[in-house]
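For reference, the structure is listed below as structure tokens.
We just call them A, B, C and D in the order they show up, numbering each chain from 1.
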Amino acid sequence: MNDPQIPQDSIIWSQEMVRSTLPKRAQDSHKGVFGTALLVAGGPDMPGAALISGLGALTSGVGKLAIGTYRETIRSIAHAAAEATYVPDALIHIANGTHSLTSYKAIACGPGTLPDAVTEAAIDSLLNSPAPLILDAGALSERSYVKRSAPLILTPHAGEFSRISGYSTDQMAESPGACASAFAMEHDLTIVLKGPRTTIAFPDGELFHNPTGNAALAKGGTGDMLTGMMLGMLCCHENWRHAVLNAVYLHGACADEFIKTRSPHTMLAHDIAKLLPEVWKQYE
Amino acid sequence: MNDPQIPQDSIIWSQEMVRSTLPKRAQDSHKGVFGTALLVAGGPDMPGAALISGLGALTSGVGKLAIGTYRETIRSIAHAAAEATYVPDALIHIANGTHSLTSYKAIACGPGTLPDAVTEAAIDSLLNSPAPLILDAGALSERSYVKRSAPLILTPHAGEFSRISGYSTDQMAESPGACASAFAMEHDLTIVLKGPRTTIAFPDGELFHNPTGNAALAKGGTGDMLTGMMLGMLCCHENWRHAVLNAVYLHGACADEFIKTRSPHTMLAHDIAKLLPEVWKQYE
Amino acid sequence: MNDPQIPQDSIIWSQEMVRSTLPKRAQDSHKGVFGTALLVAGGPDMPGAALISGLGALTSGVGKLAIGTYRETIRSIAHAAAEATYVPDALIHIANGTHSLTSYKAIACGPGTLPDAVTEAAIDSLLNSPAPLILDAGALSERSYVKRSAPLILTPHAGEFSRISGYSTDQMAESPGACASAFAMEHDLTIVLKGPRTTIAFPDGELFHNPTGNAALAKGGTGDMLTGMMLGMLCCHENWRHAVLNAVYLHGACADEFIKTRSPHTMLAHDIAKLLPEVWKQYE
Amino acid sequence: MNDPQIPQDSIIWSQEMVRSTLPKRAQDSHKGVFGTALLVAGGPDMPGAALISGLGALTSGVGKLAIGTYRETIRSIAHAAAEATYVPDALIHIANGTHSLTSYKAIACGPGTLPDAVTEAAIDSLLNSPAPLILDAGALSERSYVKRSAPLILTPHAGEFSRISGYSTDQMAESPGACASAFAMEHDLTIVLKGPRTTIAFPDGELFHNPTGNAALAKGGTGDMLTGMMLGMLCCHENWRHAVLNAVYLHGACADEFIKTRSPHTMLAHDIAKLLPEVWKQYE
């Protein structure tokens, strides 16, 4: 009997694969080598999502991080993600085309943002940018996707994937890998279908399954942290697929570290960024 | 000779009871399984109460937490309870019936709120909601209670209980359990009568006494933390009575852990949330 | 040969005296037993002083703490001293007599406040209050002192003491104890003459010398921390003199703990509050 | 074969030199002995730079620290650098000559500031002040330098040095020491040419090379931290050259300490200030 949660043809992204694909931070590198990531996140009622994903990116290898968010949110979080620079009212500027996107090494959009018309217009601009792009949460909508050269990565949980793909909850529960793969191949993008067992479907049909993580992650904010970590990993990995897979893996590994000595009911999303430095080291 | 502080017919909620009633966070759960809690807290001069109780809820098993408070307070605390979402001016919206309460798994109101007309109107709405409801501090008033299907839990200290029940301080000191039980049964609600030895009286006459805690808790803010923890516990426990009892127990157990190596004069309420992850684990 | 820094007739406030005078936090106490302290601190350009002294008070045994400061400062610090409540524009309200002072167990004024006319008017009100009163920093001025029943404690460093007393730096360097005692007896108040070796002169001529502390304390903000700690200690000690002496002693002992493993150049004032819980415990 | 990155005639600033030049914080010193440092930092989109460099200065031996920045930035960071005092709109006041600079022991300008006309005018004033002056980041421009008695220290990375000196990237890569020395001698100032191997060129031709640091430092904010640390060190060292060299050395040593147990991809600039107390101690 197969566990219905594990897609049949998927490969488990194992500890050994992580060890062999994590990048070395070259001794003679400077921040420019890792580039500047753009994170568009945080809405009026969800300012914390910008902070959580910002901390995820900062601790995951970026060179520099620019956080695009509301002025109000900048005031709230600037001291807590002090290493970032800020782009006030980024969504509007991106939607209007008045904020250049050409210099970013990678871009993520969605944690804490409202799924409204401005966000949709901004996503149009982002899709036309030359950088690898992660869309999450408020940036996940049923829409068409233009052809782009750089990777497009969507990180829905089951509910979000159902909304954007039209698959029913039953279909997804029975064969998550098949659903994710079909959608990824049809739209030429990558689906990170998040859940107790996260499935990663690449546009060419390659399918992976993540072995780490536990129910300490079943709490608001952990998805935002993953988006930030993936954004940072895109900046320090040469191979973007490894970045995606290692972000998912290490995110779960931090939660596994947490519950060794602490109750899973008590973890907060930002704890992941505090655990990451030592957890990551274990795989280097 | 009986200790007059321990109500005679009460059961001590023991370590073994905690061990056998704490929930397992099921491996395949997602945040939706634990639901969204609503915390209405924090007034203009007491913004910190929203943060303290928010941290209590976030570390006590919620799926998601929405904090309803003043815009000003959101600015102050959003980065420190980054995993929460925010409902600006919640008291007014709840009082006016313009904020729907149907989707919350549990609700708490009172830490840091002013006991004014708006609060009273909001409580009317909250009492009519279908979720388990905790009223604390500024939400404790002498009033009538409508019949509701979900549990109603009041968490007064002696002064507050005297104010809402009319019992004199002498009566309460002599037989706290009897007073709490009488009130609980008459009004069909649960009384958590807080103090050096906290008494929990359920509406059917069941009476418990909490064995943990110490004078490190005799400082502003610790009650706010308890309210938040109880709110979180309601989201992750199947049995709401266990949630109430375990919140009181673990709250005190954290303080007991604190003073093993630190002076009881020096504890701050938010230290409890920092100690909770490892303390909780000891009972799993 | 006598060390000129140690006043000749002073008693060293020793480790044994600390041990025998630190209060027990009675098991059955509640926050009301320790009372509410009022801290008036923080000016527009020195908001941090309110936070540092607030943390000092909160970790030193208060029941409740009310911080009176500017609205702007409340916004900045409310999440970091979340256990406190706030009195906006306190200086003005106290100066105008529109904020009642009768219910406070102890009051401190001065860290970060400007030495202007409003402050002076507020001090007039504070001197007429029935609570033990600490004046520090911006609240130290050359002025007359009304007769009051509760203790009045001034905590100047050498420069401030010279300004308020008229003693020259030379006089003070030669016989700090004599200068402090003379001033204390003449004005019927207590002088905590701060420096590398702090001298405490009580109004009846009793003179103490503090043996703890080191040059890690020679940095902005450490005096604010002492004021806050003393305020907290006044709330949990029965004997106010012991509160004053133990605050000075433990403040220095924290710095001594710090430099066991860390360079004295690197200590920040708020580190003292982080060290205090374990340091205090060593004397219980 | 010589490593082209190490300038040929440079001296390695070694562990032994650090040990023999780090200052003792004299037991009987008070904050006035170490003086007040002025840090002008933080722009509207880079508020965090003021905090990071502020924490660097506070943990590196200053007596007092005044942070000159935007009002908005003060609101964001005041609680996190609570030991500092603040000068609102400092750049404008310094540019206009309405903020006196005579009392500062050392001054730094640039982290997070915009390289605009106001900054340039402020630098004119700063150059005319009597204190040792560090210019970094937004304060580095192609300009002429007036003769001044106190040291002038520029801390460019390769890109910034190319911009202010006109040397090409190739020239600098081939002989960084020669380029830095030539510029330092010509303009009678000190160049800290930052990079994987930082070169320090004094105006008399003395040339040093720093042996510490690693790619964990290749991330936004680490330069701001160095500027702050150097500012603090100028306040506690008697010999300003030792201050410059020890700041660069300890900054790198903290990063070396970090990666002993943590991945270099995960370090944040403010982690350096957290590690500094114990790292510094190792050299005392």
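The definition used in the following text is that contacts are C-beta pairs under 8 Å (C-beta built on N, C-alpha and C of every residue); 3 or more make two chains touch, one makes a residue touch a chain.
The structure presented is a predicted model; accordingly, all values stated were derived computationally and were not measured.
Give me the set of chains touching chain B intersected with the set touching chain C.
none
Between chain A and chain D, how many degrees of rotation does a Cα superposition need? Round to steps of 5.
90
Just the number, please: Cα centre separation of chain C and chain D in whole Å.
35
CA centre of chain B versus CA centre of chain D: separation in Å?
49
Scan chain D for residues touching two or more other chains and write them down.
75, 79
Once bound in the complex, which stretches of chain A touch chain B?
The contact residues of chain A facing chain B are 5, 44-49, 51-52, 72-73, 75-77, 79-80, 157-159, 195-196, 214-216, 218-222, 258-259, 261-270.
With touch defined as at the start, can you tell me which chain B residues reach chain A in the complex?
23, 25-34, 58-65, 74-75, 78-79, 81-88, 232, 236, 276-278, 280-281, 284
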